[in-house]
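Provided herewith is a single structure, encoded as structure tokens, for subsequent inquiry.
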Amino acid sequence: MRKLNIALIGYGFMGRAHSNAWRQVRSFFDVPYEPVLKVICGRDEAKVSKAAYRFGWEKHSTSWEDVVAGKDIDLVDICSPGDTHLPIVVAAAREGKFIFCEKPLANTLAEAEEMLAAVRASNCLHMICHNYRRAPAVALARELIGAGRIGQIYHYRGTYLQDWLVDPDFPRVWRLEKAIAGSGALGDLLSHSIDLAQHLVGEITEVSGLLKTFIAERPVPGSHMTDSVEVDDAALSLVRFKNGAVGSIEASRFATGRKNQNRFEINGSRGSIVFNLERMNELELYIDEGPESGFRTIQVTGKGHPYIEGWWPPGHIIGYEHTFTHTVLDLLKAIDDQRLPNPNFEDGVRNQRVLDGVARAAESRKWESVSQTV
Amino acid sequence: MRKLNIALIGYGFMGRAHSNAWRQVRSFFDVPYEPVLKVICGRDEAKVSKAAYRFGWEKHSTSWEDVVAGKDIDLVDICSPGDTHLPIVVAAAREGKFIFCEKPLANTLAEAEEMLAAVRASNCLHMICHNYRRAPAVALARELIGAGRIGQIYHYRGTYLQDWLVDPDFPRVWRLEKAIAGSGALGDLLSHSIDLAQHLVGEITEVSGLLKTFIAERPVPGSHMTDSVEVDDAALSLVRFKNGAVGSIEASRFATGRKNQNRFEINGSRGSIVFNLERMNELELYIDEGPESGFRTIQVTGKGHPYIEGWWPPGHIIGYEHTFTHTVLDLLKAIDDQRLPNPNFEDGVRNQRVLDGVARAAESRKWESVSQTV
Amino acid sequence: MRKLNIALIGYGFMGRAHSNAWRQVRSFFDVPYEPVLKVICGRDEAKVSKAAYRFGWEKHSTSWEDVVAGKDIDLVDICSPGDTHLPIVVAAAREGKFIFCEKPLANTLAEAEEMLAAVRASNCLHMICHNYRRAPAVALARELIGAGRIGQIYHYRGTYLQDWLVDPDFPRVWRLEKAIAGSGALGDLLSHSIDLAQHLVGEITEVSGLLKTFIAERPVPGSHMTDSVEVDDAALSLVRFKNGAVGSIEASRFATGRKNQNRFEINGSRGSIVFNLERMNELELYIDEGPESGFRTIQVTGKGHPYIEGWWPPGHIIGYEHTFTHTVLDLLKAIDDQRLPNPNFEDGVRNQRVLDGVARAAESRKWESVSQTV
Amino acid sequence: MRKLNIALIGYGFMGRAHSNAWRQVRSFFDVPYEPVLKVICGRDEAKVSKAAYRFGWEKHSTSWEDVVAGKDIDLVDICSPGDTHLPIVVAAAREGKFIFCEKPLANTLAEAEEMLAAVRASNCLHMICHNYRRAPAVALARELIGAGRIGQIYHYRGTYLQDWLVDPDFPRVWRLEKAIAGSGALGDLLSHSIDLAQHLVGEITEVSGLLKTFIAERPVPGSHMTDSVEVDDAALSLVRFKNGAVGSIEASRFATGRKNQNRFEINGSRGSIVFNLERMNELELYIDEGPESGFRTIQVTGKGHPYIEGWWPPGHIIGYEHTFTHTVLDLLKAIDDQRLPNPNFEDGVRNQRVLDGVARAAESRKWESVSQTV
């Protein structure tokens, strides 16, 4: 079996999820390369060392520059905060590595465009990680839409709702600081709804926007002080698609009781589709067929369902992290086929254009156009 | 038992629902007056005559002017199309009748303001029929919010989705003609979402808007011609409330599979509430209480639930038309108490202000302010 | 319009539901006869007099013998407790009235057989009220099964769960007294599950049984005493059908949180069907059709659905009491057609045979055979 | 980190699930021992060799005798068919290994008793794998019941429904052969419902039973012949618990549309609990608390929920195989604590006693007693 040496930058939530995907993929799927978990990189020596042991990496490092320059490294996987993406990508592109980067591509549109230019200049293979595209139910939704099962699309209704900021005593962490996080619900959550919208419906060309911060000051951990929240708690937008469909998308960290409700509903001329990440193994489908019509709940765990052949018998559900396993599987296949995987940095830039449009519209209090030419 | 003589203008869908409410209310509730179904009025003699027999009215008439002038009539109930509301209300107000009017109050804001002026000038008791306020589950939602059970409100998410226009062969009926219907999904459906939003959350002060007609031409019944659709198929809006909450509201007649999904979700600092008219007897409630927290489905058919004492044992559901029965019950009580019922024409004007704001915003492509002073 | 004069015996829960059905049916359906609510009968003069006013009956009476002998009465509707059914039916049959009787037919199998003999001897038209057969969703289930949509039936799984006896302080009412009520959950609730089983699947030929009383003594209202509970709190049975299907049926008044869960699931060779009375306007249907298969929720409120043409547009739900309206509609039609309606006393006896079998099996601790020849 | 050397017998469905658990546990939890995947054993050299590579085992073997005798092996994990459990356990017990065995313990009660005697004689630590006990939602159910949240238990209603045998062309595989599989739905599926019943409610003391084979003959793979199905397609039982609760349990492979519906509902004096494996990350809970009462859906993925601290943030669900990871985690802890884990072979024998009782009752057509003394 051919091997592919991986370097991972970042050992937080995403680092853990990506590590698992690289470690597990060969046990469940036929892969063209056996991924080798070569090195994991982070700023805190003690923590990254422990992460290397737990997540199964051969080595650890505290210098991403060294790691990216490593001759034995084939692929650089970037899971560090958004403000670090640009320099790492530029360096990795210069080294001609395969590049896999967490979303959103960058904290600003300008950085994202620069990253795309860098990978194009180096002609290296690049992918952005929008893992939810590869939940089997979402992949099935894409197949059904592609086959015309729900006809022409009229409506997209997307929400990404969480509630972890409702508590006013929740501290003022780095995710609430603009310089590091870029934005709040907008980049963290709405970017997922936008990616799914463009993946399933098509290009967004116009947006209106509303950004809201409900709680302006939060306690600074380990002090008696508070500091200001610099990012949005909620982001809402109405959108128009190039193909005539209209949509509403909304993300919030203040939706009490909604833990991870990445949900969309798509209404077409012949049917409708609903997905909710909290019930990730299910897809709701409505097809107009007279008195027997109804929204059906497909358990997307059976014969003929995307990615399921690697897992368990029907009705034995898979978990959140498996969406990453599917993503690295398809990345390995793209490397083997020497083609650009999907979604890649072009999609990342298109996503960032919409995020930027929503922010502009929230500021101008007008509808704003969005260019999708990359 | 004291009697109250009712005249009903209109015998269509709403005429049937109101007739049923007047006929049934005394069999299920203790009423201060026994409603007498005196006369039903409509333009088509044959049809209104048949309606009188079926719906249980003593007489019928084809002249609303005669009916409104009738000395034996105490209350005029208006269920005719929106373009007829103004003259009937003006005449009924002049006669000093109690006035009960279907929503939306009028086809334009100007007409609605004139109607409010008329009832104020005559000092007569007036009510607008937003029947969904009196679905027991909605009334319970209002109680819970009033008692602070979900805390400070951050989000309102309202949709009213139907699908009866998805078929391109559906004819160009009067509801698609601007002069008669005023608007499409906006006045017919979004007005309900707006009423519930203002009833449950508070005053809306700013709106953005999007109106969309997906199918521009439809067949004219009984001909080979088509005619243009003059109203919106879908209406979307982002809104800001006076109390700081933000919302998205959306109505469509193109949401395939959604038959009557008048749904709202309200997220507050301590909990959340969800209602869907298609499951009218249920209310979903989330209260944050640690590891046992979850959205619970309350069957609003039991002890302590609004209006239920009149009906059946727990778990024996009530139907759509019962919301009208509750509305006329409360109207009868207000008459007995000589106080203005709720919602009344003031609420009707406030609703119309928001509808007007959404239409203006859709046109201007900007956020628009909405005044709520009446 | 021809008229049909009705006499109603009983003014309790069922009396109220039947009154409503007789009063409402002509407003929503084309009826061959206009039902005239002639006289309502009960033992308590004050209560029956009030009931007559509220429910819309012309007269009241405290003598069922007089009522049944009334020359102006065409149809006798029996809603009094089970121990009174036999004498009333025998008298009404002798008078040649049309007879409509609440379920269960009697408190014992012997009485039920005697009632069937009486109506046969008089050759009068008879019907038993199993109203749930005429919930639109149940009627649709019957149509789908009849059309072979779910193929050969393998499993029936029926529950009728309530929770009103869980409170140990709930008093020892007449429903817990064997002489009046006959049995507990068995006759009150399990009889419904059995009727639906035989209506939808076919004849039950063998049963096992378990009867359980969880709380043996309850307070006597208005005293400091307790008295023994003489009937079952829960009744369970495994059953075999003549056509090879197997089933489990269960009724309980101790299922905390289940208010009126009359639910069944039927699994066939090509599909499955699920109904739950608490969501009476919905039917769940599964049809095996490859990767798109899933349980769909049909809103049984639309075009082509049984009984719906009389009511409201799609998605506007109907209530519990409407099932009685459908039942009297079909009874009026059967009278017009001079044919025996369905279900009639033969079905009532068959149902009682199964109830009797379950009670015998609970006693013998063995499987018991059930004869279905009537 | 101390290491523990594992040998796995069997590389089928369960072998894959157990391998994953041993491989993954140390990446998500703090373990007292690092499991070393030493050797995997199976009869087919080519297949077991491939399994060793994919599942991450150091070596493979085709002789379980050699493997069990291996000096470097600390723990023997048995995932081979039921007819092989006895000899492997006897040998492993003789060698003093830790023993972990898939359910059901054996194909017959006699074998199960012999296995328990063997591990007791050797005084070795033993565990049976009933993985569903360690779904976080089931573990939470156990906590809630233990804390008295639903009060005294009255009802248990368990089903385990699948549909993979509905197709009459499905071949006559080894699972339909009595000598190898022992039984059909009874041992494969009903054993899970029984384990959960005894884990959550208490000891079962009496059972009635019904075993049914719907399709008697099936095609033999690779031939034009058919052969007889020797095991049950469906198994149903009514049960009585020692504590006075009553239950119904049912398993079927003929429930079209039910893919893996391992569901239970428990009704107590103060509340109820519902679990369904197809929505494994959720638990439904009803607590009686007046007009706000309703079945709530707890997303068992958050703070304070069993096993969740090892995984992802709230609302990010886990998959089927994680229940095995939790099981081996607790097995490692028990080894570290030198105490008998739960469930162990005693529970396995108790389970087998109930299975045996159901089979006897199905044969005798009477209720049968079950002894729970081990």
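Each chain gets a letter, A, B, C and D, in the order it is written, and its residues are counted from 1.
Operating definition for what follows: a residue touches a chain if its C-beta (ideal position, glycine included) is under 8 Å from a C-beta of that chain, and two chains touch if they have at least 3 such contacts.
The structure displayed is predicted, hence computed values, not measured ones.
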The A-B interface: which of A-D, A-C or C-D repeats it, judged by over half of the contact pairs being the same residue numbers? C-D
So, what's the distance in Å between the C-alpha centres of chain D and chain B? 54
Return the distance between the CA-based centres of chain B and chain C, expressed in whole Å. 36
Going by the touch rule set out above, which residues of chain B reach two or more other chains? 258, 286, 293-295, 299, 302
For the protein chains shown, what form does their contact graph take: line, ring, star, complete or other? complete
State the interface residues of chain B toward chain C in the complex, per the touch definition above. 13, 17, 19-20, 23-24, 26-27, 54-56, 162, 164, 258-261, 277-280, 299, 301-302, 311-322
Listed in rising order, the residues of chain B that touch chain A in the complex are 150, 154-155, 157, 159, 161, 163, 166, 208, 210, 212, 214, 234, 236-238, 240, 244, 246, 248, 250, 252, 254-258, 267-272, 286, 288, 293-295, 365-367
Within the complex, chain C is touched by chain A residues 140, 144, 149, 282-287, 290-299, 302-305
